[in-house]
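Chain IDs A, B, C and D follow the sequence of writing; residue 1 opens each chain.
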Amino acid sequence: MTVVLHSDPLEPFSLVSEHERGLAPGSFGACALFVGTMRDFNDGEIVTGMTLEHYPGMTERELALIEDDARTRWPIQDSLIGHRVGRIEPGQPIVVVAAWSAHRQAAFEACQFLMEALKERAPLWKQEALEDGGRRWVSPSPNPSHQGGEGL
Amino acid sequence: MTVVLHSDPLEPFSLVSEHERGLAPGSFGACALFVGTMRDFNDGEIVTGMTLEHYPGMTERELALIEDDARTRWPIQDSLIGHRVGRIEPGQPIVVVAAWSAHRQAAFEACQFLMEALKERAPLWKQEALEDGGRRWVSPSPNPSHQGGEGL
Amino acid sequence: MSITVRYFASLREQLGISEASVPADGIHCVADVWQRAQPDRDLPPRVLAALNHAHASLEDPVRDGDEVAFFPPVTGG
Amino acid sequence: MSITVRYFASLREQLGISEASVPADGIHCVADVWQRAQPDRDLPPRVLAALNHAHASLEDPVRDGDEVAFFPPVTGG
């Protein structure tokens, strides 16, 4: 159960791989993982950069609560949430969530829950820099479960 | 759209990370990933090792067909399937599947589809080595969507 | 004898302020904090609130020394 | 003028053979291949078949030079 906020570029696969080394080998059978990456387009416009604002203290607390919730709902052995904050370039990872379990169904479901809950509850806000020099705050997806929205 | 069978230990996170470097940065927003790892227990018994038999030629072909199917059903940009064959030790990864897409829902669903289809269709067979020196062929899960079974 | 008020993201930009301190006397709930801190503005309809780093409703009771935050819907992930 | 027959996993162990070649004459479908290759055994109920590296049914037509495989339910992943 780990939460990390990164102001430097995030290496999601190294982060997960390193975290996994801390788990007892042979004790888990499944790891489901999601990485959200900044795209260079959104709503028909070219996006040249992004700034992620957060609420220091509350963000970490809320992400840890989300991990607690996942743990009460699925038999997961461990989980990890990593999120970028600050200035982000297109192509850079924004978020990584991972769940480890004995069986794959719990890992998949817990991983998806972590992402949905993060997008609904974690105090993080994206502001995009546009090609013409303008900036715009990203609007939340009207329907998170169908709309996607990472990279927005 | 890549399929790899490994007779040497599989490094799932490096494999996915390296594959991702071949994709146009900024073009995708989501990567969903699953890793199945060999556990050291199954059906109440301690398992000391595993041998994965496959059907050379057909296994690669079937995995590529599964990737084709995923691509016709979800707007994914790319996918990867890596599977161990031969002798495997507890704690070693058995399988990795990954799907890249603009949005997370397609990535999650395609990733789960790849795993379910692989377990149903790919000609691979597990034989476990038990603590008492015995060996047993693994039985397929009666209900793949609820039972899990990686690491079996 | 005061309450810390914080604003984030587009709300912070609109108000032109990120943090303030208001006297605690006469304040009972989160909604009172907004009214004390922004007497000339109604709380915008979609704004969310937090109390001491936890999501809160406008009716949640506030005490001296608490930290209250207001922010727009979140867009992380 | 022959068909290659392959067996995998527990079926391979039970039969004690992994590969064989049978004459193609008189063989029309996958089921015929089993009967020619294993005349003394009924096809076990859960065994699956493949024809030229693709999943096949017992009725699928087989031609000279084809490769037919029989194996138990798969357990990869």
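To be clear about the criterion, a residue touches a chain if its C-beta (ideal position, glycine included) is under 8 Å from a C-beta of that chain, and two chains touch if they have at least 3 such contacts.
By chain, UniProt protein names: A, B = Molybdopterin synthase catalytic subunit; C, D = Molybdopterin synthase sulfur carrier subunit.
Since the model is a prediction, treat every value here as computed from it, not as a measurement.
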Quickly list, by label, the chains bordering both chain B and chain D.
-> none
Report the chain whose mean Cα position is at the greatest distance from that of chain A.
-> D
The distance between the C-alpha centres of chain B and chain C, rounded to whole Å, is 48
In angstrom, rounded to a whole number, how far apart do the mean CA points of chain A and chain B lie?
-> 23
Determine the centre-to-centre distance between chain C and chain D, using the mean Cα coordinates as centres, and give it in whole Å.
-> 72
Hunt down the residues of chain A that sit against at least two other chains at once, touch-wise.
-> 36, 115, 149-150, 152
Shared-contact residues (touching 2 or more other chains) in chain C | none
Determine which chains touch and list them pairwise.
-> A-B, A-C, B-D
Parts of chain A lying in touch with chain B, wherever the complex brings them together | 13-14, 16-17, 25-41, 90-91, 102-108, 111-112, 115, 145-152
Over in the complex, which chain C residues touch chain A? Could you list them?
-> 6, 8-10, 50, 53-55, 69, 71-77
As the complex stands, chain B meets chain D at residues 36, 52-55, 57-58, 61-62, 83, 94-95, 115, 118-127, 137-140, 149-150, 152
